[in-house]
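Dropping the structures in below, format is structure tokens.
First subunit A sits with subunit B, and in the next complex the same chain sits with subunit C.
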Partner chain A sequence: MERLIFDAAALLAILFAGLMIALRDPVKSVLALVVSFFALAVCYVLVLAPFIAALQIIVYAGAILVLFLFVLMLLNVGPEKPDQDRRPIQTVLGSLAVVVFAGMLLGMLRASGSRLPALPEAVGVDALPDPAAIARLLFSDYLLHFEAVSVLLLTALVGAFVLARGEDAK
Partner chain B sequence: MTAVDWVIVVLRVVLPALILPAFVIPLVWIERRVAAFIQDRPGPNRVGPFGLLQSPADILKLFMKEDTVPASADKLLFLLAPALAVFAALSTFAVIPYGPTIEVAGHSIPMIGADISIGLLYVFAITGLSVYSIVLAGWSSNDKFALMGGIRSSAQIISYELAMTTAAAGVVLAAGSFRLTDIIGMQQGAYHLLPFLPRWNVVPQCFGFLVFFISAFAETNRLPFDLPEAEAELVAGYHTEYSAMRFGSYFLAEYINVIVASAMTTTLYFGGWSLPGYHPHGILGGAVSLCVFAAKTAFFVLVFIWVRWTLPRFRYDQLMKLGWKALLPLALVNLLWVAGLEMYRLHR
Partner chain C sequence: MIGSIPLFDVLLVSGALFSIGIAGALLRRNAIQIFLSIELMMNAANLALLGYGAALGTHQGQVIVFFVIAIAAAEASVGLAIFVALFRHTETIDVNKINLLKW
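So, the complex of A and B:
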């Protein structure tokens, strides 16, 4: 049962990731990405990482993509015209990338054998691992990394603010 | 799992999802009657005794009306958006405990949809998704008023979500868990020094409660923060182009959100289904707890209605100023205060 839902969710995630690239309307691309992220969150839940799943939805689907949508709607970006500024070299390089990626994927599948990693046996929802364990790791063993990332993000925030303010706003 | 277990699971998961929309019918009537009382007029009193059948009649009307889709609208998204609104509103309730775990004929029945370790995060995740229903409605309608409403809503909900989660983080810090049953568990009993005071989170975290509850008004688009639909300036905001039951879906979602926000306030700050000094046993205990939970939730629903007919709508800049310059700093101070309390408790 879990296996079936996992496969369906994984398939959905890949399908909508593809749609995200294929769709010409940027608003719809964002929406396809939302569905893809949601399906990914379902996968996380099924491999017993509910905390990551919640973060995936809160941070990516709930905040970052809403901001994307917000900007797209404010700027009123219309659908992309087909073959806009398209050069032949793009098609060639694109096809090459697809071939290389497919090769890598096949190689990895061969290396790991035909079996996919087994999903845990049917466990009750109550038995899912505790977010407290993640918090304990984050705020003890990885405290330095955590603080470093915090400072980095703050710097990025201040930098974005300075850039957005422009020259004349002094 | 035996057949009986399956029935129990279905009952405790499906029943709340069915009962919740049913509560909206009397709630709309209550809102209109309370509004009338506050404004010193009779209110709906013609259809049935005390006007009680007004809401069913309105719902019948909504179902019978023609469902129009604007010619220039994006049809798929236009039809999808209201369904998303109801889905997000209903699924939030899945993790809110509405009673204790009761023992009936050898079966242990937790009175909650799903007691998951990330309960509170789940609620915020689903609330975060509900913004799409409004943004999509605004964008797919292809109407300037609807678009304005959608844009306002996305900015408003993201801004207030920050203050709301920071306030709720105080509760998580005090409980040491995202699990809503744990959060209720830590609020049992009374204080040693002040035995008349229940150990509810609202006592040490009154500012956190204030920020959470005010943000809840913004998250549910209720007055004084109903700028996404501000009828004086935006016609009806994001649902301008909707008619019949699709408009009704937004109406339904708004009222379910009010109930869920009240239930969350009850759970996080007022001890949920628990009553100080009362230890529920068996079916009777479960029923009493359910009534306690319903009564506490109903109180906050009434506050929602009361505030709506008391305060005028904020201006947009006032809304943003309040969210970022008043509520967020207050929530951060509350978080520091709770952290201090916890430090004191650990080192005593």
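So, the complex of A and C:
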């Protein structure tokens, strides 16, 4: 059962990720990625990380992608025009790089695949890890990193404000 | 183990998503779509981290993914601010047309 849900969710995630890069209209692209991230959140629950799945939906699909949509609406960017300024060499080299990379990844996975362990079996909701354990780790071993991230977020906030403020405000 | 998910499958899904992300980042010309592809690659890496964390029985994978999500939020806000500033300057976010720093 777990297996079936994981396969379906993974397939949905990959399908909509493919749709995301295939669509020319950036707004549709963002919406396809939202679906893909929801499917990925299901996968996260099945790899025993329900807390991260909630974060994925609230922060990624809820905040970051809505921010993307917001900027797209603000800039009013239309779909990519298909036939202007074609660069065949770039397209060929780019496709080649993707194929070579995917092949290398697959080859590496196949070479080490039999030695990989299986995930422990989760039986019911009680077997899912407690978010309190993550919080304990976060506020003890990783406290310095946690504080560094808070400074980083403040820096990003100020940086985004300065960058987007525009010329006339100076 | 019957009924549970092998780590191999998790890594396979992660690798497939990462490859799709690379394809998008290399082949699209709209800066926003390139940025979306980068977000997808981050999520593929997150899935691999969570898979290993679960297979090894630690919470460290989830803590690292927590940090990755926080940094992705910061990166998205700054990146989108750059696009807004760029669009004000050049009236386009097509990366083939933005060549101010090229020569």
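The rule is short, and it goes like this: the second predicted complex is superposed on the first by the 155 of 170 C-alpha atoms of A that agree within 3 Å, B and C clash if a C-alpha of one lies under 4 Å from a C-alpha of the other, contacts with A are read in each partner's own complex, and residues count from 1 in each chain.
The working rule: contacts are C-beta pairs under 8 Å (C-beta built on N, C-alpha and C of every residue); 3 or more make two chains touch, one makes a residue touch a chain.
The shown structure was predicted, so the numbers you read here are calculated from the model rather than taken from an experiment.
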Exercise for the section: Could you classify subunit B and subunit C on subunit A, in the superposed arrangement, as clash or fit? Expected result: fit
Handout entry: Partner contacting more residues of subunit A (subunit B vs subunit C)
Key = C
Exercise for the section: Could you look at A:74 and tell me whether it touches subunit B, subunit C, both or neither (first, second, both, neither)? Expected result: both
Handout entry: Which of subunit B and subunit C A:63 touches, first, second, both or neither
Key = both
Practice task
Return first, second, both or neither, reflecting whether A:144 touches subunit B, subunit C, both chains, or no partner chain.
Solution key: neither
Practice task
Pick one for A:18: touches subunit B only (first), subunit C only (second), both, or neither.
Solution key: second
Problem - First, second, both or neither for A:40, with subunit B first and subunit C second - result: second
Problem - Partner chain in contact with A:3 - subunit B first, subunit C second, else both or neither - result: second
Exercise for the section: Identify the partner contact of A:51: answer first if only subunit B is touched, second if only subunit C is, both if each is, neither if none is. Expected result: both
Problem - Which of subunit B and subunit C A:31 touches, first, second, both or neither - result: first
Fill in the blank from the handout: Min C-alpha distance subunit B to subunit C after superposition on A, in Å, is 14
Handout entry: Intersection of subunit A interface sets (partners subunit B, subunit C)
Key = 51, 55, 63, 67, 74, 129
Problem - In the complex, subunit B residues that touch subunit A - result: 77, 114-118, 121-122, 124-125, 127-129, 131-132, 135-136, 138-139, 147, 150-151, 154-155, 157-158, 161, 176-178
Fill in the blank from the handout: Given the complex, residues on subunit A that touch subunit C span 1-3, 6-7, 10, 13-14, 17-18, 20-21, 26, 29-30, 33, 36-37, 40, 43-44, 46-49, 51-52, 55-56, 59-60, 63-65, 67-68, 71-72, 74-75, 77, 80, 85, 87, 91, 94-95, 97-98, 101-102, 105-106, 109, 113, 116-122, 129, 133-134, 137-138, 142, 145, 149, 152-153, 155-157, 159-161, 163-164, 166-167
Practice task
Quick one: which bits of subunit A touch subunit B in the complex? Just the residue numbers, please.
Solution key: 27-28, 31, 34, 38, 41, 50-51, 53-55, 57-58, 61-63, 66-67, 69-70, 73-74, 125-126, 128-132
Handout entry: Parts of subunit C lying in touch with subunit A, wherever the complex brings them together
Key = 1, 3-13, 15-24, 26-30, 32-33, 35-37, 39-40, 43, 46-47, 50-51, 53-57, 59-63, 65-67, 69-78, 80-85, 87-88, 93-94, 96-97
